[in-house]
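Two complexes, one shared chain (chain A), two partners (chain B, chain C).
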Partner chain A sequence: MKKPLNRQHLALLAVAIALLIVGPWVLPQFAQNTLVRSCLYAVVAITVDLLWGYAGILTFGQATFFGIGAYSAGLVFTHLGFSAGTAVLALVGGIAASMAVAALVGWLSFYPGATPLYASVVSLVLPIVATQIIFSGGNFTGSSSGLSGFESFEIETSTWLWLSGGLLLLTTLAALRFVRSDVGRLLAAVRENEARCDYLGLNTSRLKMLLLVGLSGVCALAGFLYATYGMVVAPEMAGFQFGTELVIWVALGGRGTVLGPVFGTLFIDLGSAYLSGDLPFVWKLVLGVAFVFVIVVMPKGLLPALVGRFTRRTDASTAPAGKLVDAEPQPLAGLAARGRLALHVDAVAKHFGSLTVLRDVSFDARHGELLSLVGPNGAGKTTLMRCISDGRERSSGTIALNDHDIGRLPPFECVRLGIGRKFQTANVFDGLTVLDALAVARTRLDRPRMWRRSESVALPAAAMAIVRTTGLDQLLATPCRVLSHGQKQALELAMVLALEPNILLLDEPTAGLSKPERTQIGDTLVRLAAEHQMCVVLIEHDLDFVCEISSRVIVLHQGEIVLDGSVDEVVHSTLVRDIYAGAAALPHAAAERTA
Partner chain B sequence: MSVLALEALRCGYGEAMVIRDVSLAVGPGEALALLGKNGMGKSTLLKGIMGFLPRQAGTVAFDGRVLAAGEPHRLAELGIAYAPQEQAVFQDLSVEENLRVAVPDRQRLRDGIERIAGYFPFIGQRLRQKAGTLSGGEQKMLILGRALMAGPRLLLLDEITEGLQPSVIERISGVLQAERRTARIAMLIVEQNVAFALKTADRYALLERGELAEQGRTDEAGAQARIIGRLGV
Partner chain C sequence: MSLLLDILSTAAILFIVSCGLLLIFGVMKIINFAHGGFLTLGGYAPLLVTQWGWSPWAGGAVAFVIGIGCGALVERFIVRPLHSRPLDAILATWGLGIVIGQLITLAFGRGVQFAASPLSGTVHLFGTEYSVYRLALIGMSLAVAAAIAGVLNGTRLGLITRAVTMNETLARGLGVNSARVRLSTFAFGAGLACLAGALITPLSSVDPNMGVPWLTNAFMLAMISGTSLLSLGVACLLLGGAQVLVSVFGSPVLGALTIVVLGALVLRIRPGGFARG
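Right after this comes the complex of A and B.
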């Protein structure tokens, strides 16, 4: 995974170039004609694969962007005539129009909080609307019969084949490189766990929107070429059926492989061209049965099934990993200055319907403080953390981070104000390796590259310490899903520290860790507060642990602060003993202090 | 006869983490605490017993009957309850619906809820609340409650005390000891909380790199100090 293209890819590339060169000399005319179309379809199929297979966005709408490119050519050449100038106008206009529509669709599909299903539904609606617009355009769009008879480039079919084949080759190579780049890894992370990305300061909506807009331009280019080659445009090119066929080709070929969808498209489209004439109805049936067969027997598609049969699967843990290096400190990236107060919470309340989880919670916390939140299960501790790190969560009250009012800001904007949050249950990227997860966490500070993958991940000292303490540095190439629960907890903590926050919210960071590991993490937290002047807010049930490391303790009970004071005050509070610890469980540390 | 008997069990995920030749047995009413550092294979062993993971070698027997891998639902029907460590509550179902999953029968459901609410009163008061809106600790109690609902013969617990307040941990220890006495449930308890594990179980086994490194009785003199020493390096 380290190199952008491996040896098999280079071999395939050589074969593809050779085929492209000799194709026009050996293939019959009909095959050449069809192949021009198939190659352009395959380009669109790659964009479907990038969206669906890599970014996890199932889309039926890519046909419409293809159609916009095609209609741009058809409309311009029909109404303005054909010349070099109008050709450039049609190409640029088509791509621009396609990207503009994609931006609008992206905004509709990926607004914060939209579910993946919603994006798919929007992508279904798009081609239906596009087809209706073409239908109602009268003579201007040619309505249901489309536009034909316009002039276009007079080029030999063989040249067209070189053109479209060349475009397919370029798109394939670019896609293979892109999915192995830093940004490609980011897409996988968004697909795996969007919430975690959000809390790592990444604007996931914008990322998905940029991807959609960029790919829509590629589709429009393919559509433009298709219209200038065929000298005809029809509403079906932008339609729902073509959009669905693309999804089927990608699924049959093997989604998430780039090459699978290319072969799938070429094979099926070429097969259709030959067989649909002879077996007009049976062919569709054959295709349908093949689709069901592949879904049932080879759920990952043809290419992964074939490749899996002939090559030994290389285990991820034996693949060469990158390495960790020390990062240059970038404290307060994105902030002018650290605030006077780290955290200001004023009259915060939270209701779930009629259930009140937090009422009138107010407290301030300074930099350098290690503040523990304790309280019975269900007291509202995690809810309070959620309200502090996501402006949309609380029902009323104000919260400021580093003196900035968070208003209704989503988590990724709160991260810019200097906050980092570790979730209660370990929240990492199951499909990514440890190194990849850490790299994703550094995205906000170390800009990801679009066509290359960074060999090393820079970590600040605190994150590095956690990684070394828990032995994660020996597991860099291990997929997160096989880590133990405690290792996942440690990895998430390291990911949050990699953000270099100056306010740290930790929800049971040591749950699932052994005593010595806890002690070491406790030491790290104390150091972060004392030496790095971080404000650490900790939810923890182990009162011994709390007493050892905290500089202040807040006790939450039934959504209200019942005590806010020093460790000694809390330890000697009968209230805490009654509601929380139980008579038998007075902490050892407390007992020693009293003695 | 043992309720649960493992014979030279080997299982794991690919190459990454493997249980190697683990043999152990738990009798009726007996509780075995499975201890070990992080990443030593404790959770993997429970998943291996339940058949969530493919077995490379060895057998898992329940009441003397060898169990096949890959059929966790059959094990549940036989009377094995498993309380996993992560994501075990149906977030969008209510508390009551979460319990009903374990016991579809109405009368048994009512009796079960009454019994479980006796252990954890909040369950009785909030039957209609969405389980996903419970706090992390309350979800843990619900998981344990659900595991006990059907009156299992064997209970597998994966770090049930994680994220719980000290007084609730005390109560859980009491609940488990009571269930062992009255219902003769056999238990395999995976824990980081050594004090809780030793108090609740009568035997312990220490797992190191997927192998059994040590076994003994929890009431042996100095057991706790020795285990902590062994885990603490």
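Right after this comes the complex of A and C.
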């Protein structure tokens, strides 16, 4: 696999390396001193960018991880003395402590159902708590004046600059590589549509937590270097103010670009060092005004605005188109192995407060069945589907998938039991390409790689057939947002089938499709049930379509099953006719209801 | 006994400080991080007023008027364009807070200053000496709550505002000019923030960053209260009470953390906070 590193990138890299080598010889002492610091800040800013710009988690807490690394050095060197051994201890201890705190923060912030705002709240509380802990540490932490006067490495400033600049360069390259990898693509998918990821069997909470923990280690390393270089630590390093400054630098530079935050941090921090002496308050005022202006007018930041054409390439969705290959047929094993019954629903009820939406719903379904759920609007069809695919939804009753009780399992765990759910409205990743979306859907089966991007995506036969017949295989590099409604529906179905489920839940898969598209989907569903022995459960309003393809029909009315039988039984049932035609046959009743 | 008074007056102060933020959060679903800046702005009003030789009582009124004016401008030019980007609105208003802080520094200097208190001295109550001003704040917080409730429940604008709070799309469909509701809400919220700044000034000193520590507490209280003034009152009493107890029996440092930490935990367990539903 060749990476098409274009000439611009190589030139930029060469310039960066040249600047790094030459810098310490030509720059004045003051600039060097400042730059060592700025480079380390920029490393932290990159972690903010990865969390906020790529994964969509606005965080004010990265300062604290930097502070933990710094205080680890300060505390160890002050209380245990300085030696090579204690330096290693401080570094390892700092990174470990930082990661432990990050794990705690992650557990608090990223639970299933957490809102993005809540994660920001927690990241705001973290630095406040950290500063107060430092304040209350007395002589041990140096309280509000921090620790200083400890011994450290005796290295020239120029060497420090090589060191911190080198770290920045490495971090930048690693970050750029990371965001273009499979995992980087996954982060973009989670940011775009977390619910869809959940139903693709991805543990999004764990993904975010791992990202946070990993990046906290990077921050701690930068903090450690900062303390050993400056030989001073202060509570402000872990504080809320620094946390927000990082966000400001990232926003001004351009979130979601990696390079933008690096330039933003270097320019602003260097500028602050030179200008804040002469114009202390005006400089901060200018920064504040610029920040507000950029957020309101250019939400993407300055770098993309200045060189838009060039940096747009850094987004995860613009890699060259890859190709599709056939997946190795693998017999379903483990939890998703075919059960005696595909689906067992027993006495399921769902209440919203005093309103009962489902009442005592029980039925079984086998593999190879094509079961249609029909009923008027408000009968509880979609609610039932939600209860089947998300263990936390129902109020009472039991549900088993492939003979495994789902208990209170969240959707991504239900997916592991062999279920795949297609939503009512086409639910794809607007910012990703078709190929990326399919790759994300395969994440559960083909492990994503952290530093590389897979060029080909393996699809099982059923998904491949959908992609081929709808022509999506010609549109692999197209962003999902420009697809037609029908193409989005087909893509979502292909994504669900890429999970290789043996129970398929489809909520109005033909809504808004043309007649030929409808027939095509109908044929596909029949084949999935007959040839692939899937259990297909379908919600449909079009009774003709239902009668054409179903092997069995369940009629729901006001939250209860009123009929469960073959197509013939439903067609000849007067009850069903009353339910559907009742209101229409009695114009005065309909008129009364609307009045 | 003085412990009980401490709890009540702390809750009152917290209520005054956070009600403006809650109002904006409830109606507009955005967090106004310039709240700290507005608090500071209001804090300087009593200072100005005493320099002009007016009664210290006028400080609150002046602050309220200034806040309404500034709030309206900010809503029109900064908050409105960010309506569909709530996380960005947080950032923009935070930046605005920095701008306000720096402008105040340029105008008044960065030093700490003291304003005259309209009520001084202590009063003998239930066997302890207690600050008159703190007691007065309990009354003032009730008055502020009554005023907000009066506006929301007694006026046509209040009715429309409540409609927008519950279902903005529906309200707009019924012909409500929700942009005007948002403008007046933000202005009113900013006015309340400035008023709060003026009211808490006599308790402490005035400096360009005085609002920031209050901001985090107010933010947390608003988050766990959802949209209801009543649950804000409950939250202020419970968390303010916890803060006082921890400060007295534990340490003041832990006390300063009580509200944010407890608030975060409450939200973890009940994402909806104290509000029902």
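The definition used in the following text is that the second predicted complex is superposed on the first by the 555 of 595 C-alpha atoms of A that agree within 3 Å, B and C clash if a C-alpha of one lies under 4 Å from a C-alpha of the other, contacts with A are read in each partner's own complex, and residues count from 1 in each chain.
By our rule, a residue touches a chain if its C-beta (ideal position, glycine included) is under 8 Å from a C-beta of that chain, and two chains touch if they have at least 3 such contacts.
These numbers were taken from a predicted model, which means no experiment stands behind them.
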Quick check on the superposition: with chain A as the shared anchor, is it clash or fit for chain B versus chain C?
clash
Return first, second, both or neither, reflecting whether A:V292 touches chain B, chain C, both chains, or no partner chain.
second
Could you look at A:V247 and tell me whether it touches chain B, chain C, both or neither (first, second, both, neither)?
second
After lining up the shared chain so the two structures overlap, which partner does A:L58 touch, if you call chain B first and chain C second: first, second, both or neither?
second
For A:Y580, decide between first (touching chain B), second (touching chain C), both and neither.
first
Between 27-35, 171-179, 225-233 or 261-269, which chain C stretch has C-alpha clashes with chain B?
171-179
Contact set on chain B toward chain A in their complex
13-17, 37-40, 42-43, 85-87, 122, 129, 133-138, 140-141, 159, 162-170, 192, 194, 228, 231-233
Touching residues (chain side chain A, partner chain B) in the complex:
315, 317-318, 352, 355, 375-383, 424-426, 470-471, 478-479, 481-487, 507-508, 511-517, 541, 543, 580-582, 584-585
Enumerate the contact residues on chain C facing chain A in the complex.
31, 77-78, 81-82, 85-88, 90-92, 94-96, 98-99, 102-103, 105-106, 110, 212, 216, 219-220, 223, 251, 253-254, 256-257, 260-261, 263-264, 267-268, 271
Residue ranges of chain A in contact with chain C within the complex
58, 108, 111, 113-118, 120-122, 124-125, 128-129, 132, 135-136, 240, 244, 247-248, 251, 281-282, 284-285, 287-289, 291-292, 295-297, 299
